[in-house]
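In what follows, structures are represented as structure tokens.
Common to both upcoming complexes is chain A, partnered first by chain B, then by chain C.
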Partner chain A sequence: MPFSGVEATFWAMLAPFVAAVLAPMLTQKLKHNAAWVLAAVPALIFVHFLSLVSSVAAGQTHTLGLEWVPTYGVTFSIYLDGLSTLFALLISGIGAFVVLYAGGYLKGHPQQGRFFSFLFLFMGSMLGVVLADNLITLFIFWELTSITSFLLIGFDNLRTASRRSAVQALVVTGSGGMALLAGFLLIGMAGGSMEMSEILASGDVLRDSGLYGAIFILVCLGAFTKSAQFPFHFWLPNAMEAPTPVSAYLHSATMVKAGVYLLMRLNPVLGDTALWTTVLPIFGGLTLLAGVIIGIRQTDLKLMLAYTTVASLGLLVMLTGASNTVAIKGAVLYLVAHSLFKGSLFMMAGTIDHEAGTRDITKLGGLRNAMPITFAAAVLAALSMAGLPPFLGFIAKEILYDGAYGTVGSGYLISLAALCGNILMFALAAAVALKPFMGEKVETPKHAHEGPILLWAGPITLAVSGLLLGLFAAHAGYFFINPMVSAVDGGTYGKELYLIPKHLNMALLMSVLTIALGIFAYLRIDTLRELVGRALTAIGWGPDRGFDQLMDGLVITSDKFIRTVQTGSMVTYMRACFIAVALMLFVPMMTTGNWPTFEGFQNLTFYEWAFVILAVIGLYAVITAKNRVTGIVSLGITGFSVAVIYTLFGAPDLSLTQFMVETLSVVILALVMTRLDLKPKDVRSKEDRVIDGVIAGSVGLGFAMLLMSVVSLPFDATLPEFFTQFSYSIAHGRNLVNVILVDFRGFDTIGEIAVVMVAGLAVLALIRVRAKKAQPKPEVEVMKEVAE
Partner chain B sequence: MEFVIASLVGLLMSASIYLMLSKKLVRVLMGIAILGNSVNLLIFTGGRITRSVPPFIPEGSYLPLEQTANPLPQALVLTAIVISFSFLAYFLVLGYRAYQELGTDDVLEMRVAEPKGDEKPPLGY
Partner chain C sequence: MNTVIFRTIAPYLSALMMVFSIFVLLRGHNEPGGGFIGGLIAVSAFAIYGIACGVAAVRRSMVVHPMSLAGIGLFIAVLSVLPSYLFGQPPMTSQWLIFDFLGSELKLSTPLVFDIGVYLVVVGAITSIALSLEERDVD
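Up next, the complex of A and B:
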């Protein structure tokens, strides 16, 4: 495969996995400076996708693939259009800076290599999610991001909180993934193809399909859990237990957007229905409001940012649900702006934590002189987040207001939700960027000073990109935004992007309102925090606690279930087994009506009868035996009777063997039992005896009837005839049974001998083990061994 | 006559299961011994039984002179008898050792793998 052009995308997808393997070794050699080398991998990937941008912007889409599991129609195929290219750029671009940042943040951490490894595994999986064309491939990468997210959240695995959050994220996103798989399979059934590129070209097939409702719900479950939509939002703030590079990368810039990606991707074929334009805005709007309101309450920088991430994801889902072109353009712009400013702000929060020793906003202040670069990055990013010109965030906010207001039917509600969300988001952005740096200098646990270049390179670059994309809005629009809008909206979108609004409209008015009320909210943020805090305490229960209750309930229920099914009583298990056997014998006879025809007990000579009756008497004696000698002797009687029956029906070989074996059995039984004080007396209660008798009787009757059915069927004599015919001519033996044993079916006999040998060895081992235990070594010998 | 033997197979089977379900180790072991006999007779009868001569080829002939008994089930059963015997021997020693180690011959009291008790399931992370 070539190393440049579209084909090289395969190498770009493979590269992170290779880096994941090499990272630990490299980190061992170069310590934290390995980050510089490792960051080259995502940087190169970024360059690769950048080289494709112009052709994608010109309206081209690329599909390429190779067969993976052809029998099931699983191909490893790639689909490149505006949507996937922009996502790939974000993943690789932000990824490069996160790798650098992780080099500084986890400097000297004994597991830094492992951390890099997980990070690259995630990067590869996330690229897979956005580039995959085949739905099954997409699903596999989707689950891989859940697993790598689990590993990264639980990176600090010695802390309980860390483990809990990791499990929570895995359970929530993993179960959503299961729903998604079902949804994908239904899409495949309804759409007739598992390739995204073909499904997208299918038009209204999915919308008109009877499976649409089911597909919609399943896809939404997958997307909502992944993108932390209400009521599944709780795992995302908890995921802040992960080291900050992870929060910046997975839990704000990339992975949590996978759900939004999926909704956007499927918008052309699933969107614009009554279900879509109702459900998505409702859940998105609720998530937006819940996110900002709970966010106001927090004092931890990372948690404030996490809740605004939840809110932003809600906003994106709401706009995707609005399903009109302008709203989607707003969503696309906001998605890009958010990835840049939120990634930057998270890294900024991590740097403060790293250098000052705390990230509690009430314990920070006056850091502007100590950390000027971080301060600059924070302000630039926060301005974009607050939606002020000339940042990308401003353009995004203008257009999303425009789109929200223009939505048919629910325009007012969506606009109101977006407005409230943005006002509080503005206040939070101001709080995050200003509180730690402005005001009086506050004593922090560590003596704060600017971090090393590894720590500030990322935040400042990402924040500045937000500014540059805003300033060069027309180029950003042509190369990145419009191709993605075309992909999401289905069709070609070519409207130019402006920084300065062309005319006064509702959106601008809303912007002004946002800024004015946002400043007000920022000034009153302490009061608001207290109010929200009191309200949330009053509610008490939340989905987070619900998750614990669910998990505990699961464990307790399964424990009860196991204790009911597996009582530890051998008799219960055996009864269950034998009842199952009886059912297997009787149910087919009942359902097919093939009962054996009873032909009576004729044609038996009196000596044949004699031995049959003798066997039965032996059985009766065994069952009723009061002492062991009676039991053993009676057992012998039955065995010998069976041996005689073999003789009577033309099987002297069997008879001989049976006599020998039966004799040996009796001897061994007698040997073992006389050494033990075992009573063969039946100790069961009367009830138990009746139950056991019925079970045993049914199984016996079942087998007898089965045998009767078998013998009344015509006999296929092919095999006996074959053996009879060739016994002497081929195998040169006159005893047919012997010839079969040692020649025709010689391997069976080898197996039989092996079984006997193994049984013998096992018996030997059982006896030996005891011998060792019974005679502990004299102390003198042990001393000798120790001395040696 | 197959019906008589079939009934005998059923009786052997019932008796062996009845013994195996009783809680005492000795009776369980005797049940296993009878089970072997029962299954062997089942296979033997399934190949049809006749009172005809054993499956031998007399000297100077390439084929048996008359109709013989079916040799195939006999071969199978011969293998099965030996195997069931070795298993019985193993079970006997196993039971003997279990009695020595656990001090009981009641299968309900042999609970090393699934101990009694009200241990709470592990909650938390």
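Up next, the complex of A and C:
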């Protein structure tokens, strides 16, 4: 594959995974400066996608495919249009700065290499999500982002809080992923294709399908959990336990937007129905308001930002749900603006935490002289977040107000939600960017000073990009925004983007209102915080608590279940198993009425009879045995008789195996008996003996009857004939059984020997459990205790 | 059971059975036998040796842990799948090398390698079960 042009996208997708492998070694060599080398990977990916922008802007889409599992229609295919290209640019561009930032933030951390590795794994998965054309491929990458996110949130794995948050994020997004898989399979059934590009071209097929309702609910579950929509929003603020580079990258700019990406991607085929335009705005609006209101209450910089992220995601879902072109354009613009300013603000919060030792807003102040560059970045980013001209955030807000207001039917409600959300967002932006820097100098745990270049390069670049994209709005519109809007809206869209509103309209009025009320809210933020705090305390319950209750409930239920089912009594287990086997044998015969016939017995010769009788004598010996050892050895009599019968019927291989198995099972059973500390004699009561006798008898009888009915079926000789004919000519072997085992059906044998091996390991582990108990605790347990 | 006669004979008997098991393994493609049966015979040999001379002696004679023997077996079996890729054939297509060795025709093949893998898995897995059952609270 070539290294440039569209085909090179495969390399771009592979590169992060390669970097993930190399990162630990590089970090060992270069320490934190490895970030400079590693950042080149996402930078190159960024350049690659940038080179595709002009063709995509001209309206071209690209699809590339490699076969993966052709039997199930799974291909490794890529679909490049305005939507995926812009997302890929955001992921790689912001990714480059996050890598740099992580280099400075985790400088000297013993696990920095591992951190880089996780980060690149995530980057690769996220690129996969937005570039995948095949739905199954998309799903796999989707799950990979959940898993890598789990690893990153739980990076500081000695702390209980981060372990809990990691598990929470995994459970919430993972179960959403399961729903999504079901949704994708239904889309495949209804739409007749697993390729996104073909589904997008199918028009109204999905909307008219009877499965639409189910598809909609399942896709929404997937998207809402991933994009932290109410009532699943709680995992995102908890994910702030992760190191700040992770929060800046995954939980603001990229991963949490995967849900929005999915909704936008499917908007042309699922959108614009009554269900879509009702459910999405309701959940999006609720998330927006819940996010800003809870956000006001926070004093931790990262948590404030996290809740505004929740709110922004709600806003995006709400606008996507409005399903009209202007609203979607607003959503696209806001998505880009948000990725830039939120990534920047998160990094800024991390830098303050890193340099000043706290990120509690009430304990910070007057840092403007000590950290001028960080201050500048914060202000630039916050201006975009607040939606002031000439930043991209301003244009985004103008257009999203315009779109919200213009929505047919629910326009007023959506506009009102957007307005309230943005007012509080304005206040929060001001608080985050001004509080730590303005006012009197406050004593901080560490002596605050500007961080190294690794720490401030990212925030300032991203913040300035927000400004530049705003200033060159027309170009940004042509190259990035319009192609994406066309992709999401399903048509071609070519309206130009202006920085200065051309005429006075409702949107401008709402903007003015936002700014005025936003300033007011900022001035009163302490009062608001107290009010919200009191209200939330009064409610006293949230989905976060609910999650704990759910998990506790799960543990208690499974505990009870285990105690009921797994009593620890071997006798009960064996009885349950064998009763099940007996039922399996008899129920089909009873329901179908196909009882076997007993005609084969007449043709037995006397010596064949002799061995049958010998086998029965062996059984008698087992039952009447004085002690267990005699019983086991007597079992061998039956086994050997059967082996001889095999020989008589011309199956030497089977017979040899039977001999060996019989010998070994007697030896192993005897050894097990010595381990079990059993009494030498059977001590069962009479009733127990009768019950066990009946179970044993019916299983034996059942197997005999099953075999008889199998044998009495007409014999299909196709396979034996094939094997006999070709055994020597193809496989160079005269022993059919062996040729089948190692050649014709060799793949089965691989599975079987793997099972033998795993069974061996399992038995070994079980035997050793008892010996281990007396030994001191393993290291992991001790570490856990120390951590807690 | 643990008589002097048994203890004296057991090592020779086991050695003989080992040789026989390999014989059974190698003739498997044309005559009754093969990796599975051969493996079981070898396990019996180890079992006899273990009963007579103790687990420690068996472990010493095996050099590596029986479970790693099984692991090596599985690895070899999976390796035998790969050569067909070199010739662009479907996986597991058997490859044959037939040549004259001291006047008699010798056939080497990937199924043989595969069968050796089966043999090792069976020997390793079952011996390790038997041995760990036999030894008590040591390890």
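Things to note:
In the analysis below, the second predicted complex is superposed on the first by the 587 of 788 C-alpha atoms of A that agree within 3 Å, B and C clash if a C-alpha of one lies under 4 Å from a C-alpha of the other, contacts with A are read in each partner's own complex, and residues count from 1 in each chain.
The rule is simple: a residue touches a chain if its C-beta (ideal position, glycine included) is under 8 Å from a C-beta of that chain, and two chains touch if they have at least 3 such contacts.
As the structure is a prediction and not an experimental result, all values here were calculated from the model.
By the document's definition of touching, neither partner reaches A:G295: not chain B, not chain C.
Touch criterion met: A:N735 reaches chain B and chain C at once. In the superposition on chain A, A:D653 makes contact with both chain B and chain C. In the superposed model, A:P483 lies in contact with neither chain B nor chain C. By the touch criterion stated above, A:R684 is placed in contact with chain B alone, chain C being left untouched. Of the two partner chains, both chain B and chain C are touched by A:V763.
Judged by the touch definition given at the top, the superposed model places A:G271 against neither chain B nor chain C.
By the touch criterion defined above, A:D552 reaches chain B but does not reach chain C.
By the touch criterion defined above, A:D743 lies against chain C but remains apart from chain B after alignment on the C-alpha atoms of chain A. Partner contacting the larger number of chain A residues, of chain B and chain C: B. When the two complexes are laid over each other on chain A, chain A has residues 652-653, 657, 661, 664, 668, 672, 675, 734-735, 737, 741, 749, 756, 759-760, 763, 767, 770 in contact with both chain B and chain C.
Residues 652-653, 656-657, 660-661, 663-664, 667-668, 671-672, 675, 731-735, 737-739, 741-743, 746-747, 749-750, 753-754, 756-757, 759-761, 763-764, 767-768, 770-771 of chain A are the ones that touch chain C when the two sit in their complex.
Those residues of chain B that touch chain A in the complex are listed here as 1-27, 29-30, 33-34, 37-38, 40-42, 44-59, 61-64, 68-72, 74-75, 77-79, 81-83, 85-90, 92-97, 99-100, 105-108, 110-111, 113-116, 121-125. Residues 160, 163-164, 167, 551-552, 555-556, 558-559, 566, 568-571, 574-575, 578, 598-604, 608-609, 612, 615-616, 619, 622-623, 628, 631, 635, 638-639, 642, 645-646, 648-654, 657-658, 661, 664-665, 668-669, 672-673, 675-676, 678-684, 692-693, 695-697, 699-705, 707-708, 710-711, 715, 717, 719-720, 723-725, 727-729, 734-737, 740-741, 745, 748-749, 752, 755-756, 759-760, 762-763, 766-767, 769-770 of chain A are the ones touching chain B in the complex.
If you check the complex, the residues on chain C that touch chain A are 24, 28-37, 40-41, 43-44, 47, 51, 67, 70-71, 73-74, 77-78, 81, 92, 94, 96, 98, 107, 109, 111-112, 114-115, 117-118, 121-122, 124-126, 128-130, 132-134, 136-139.
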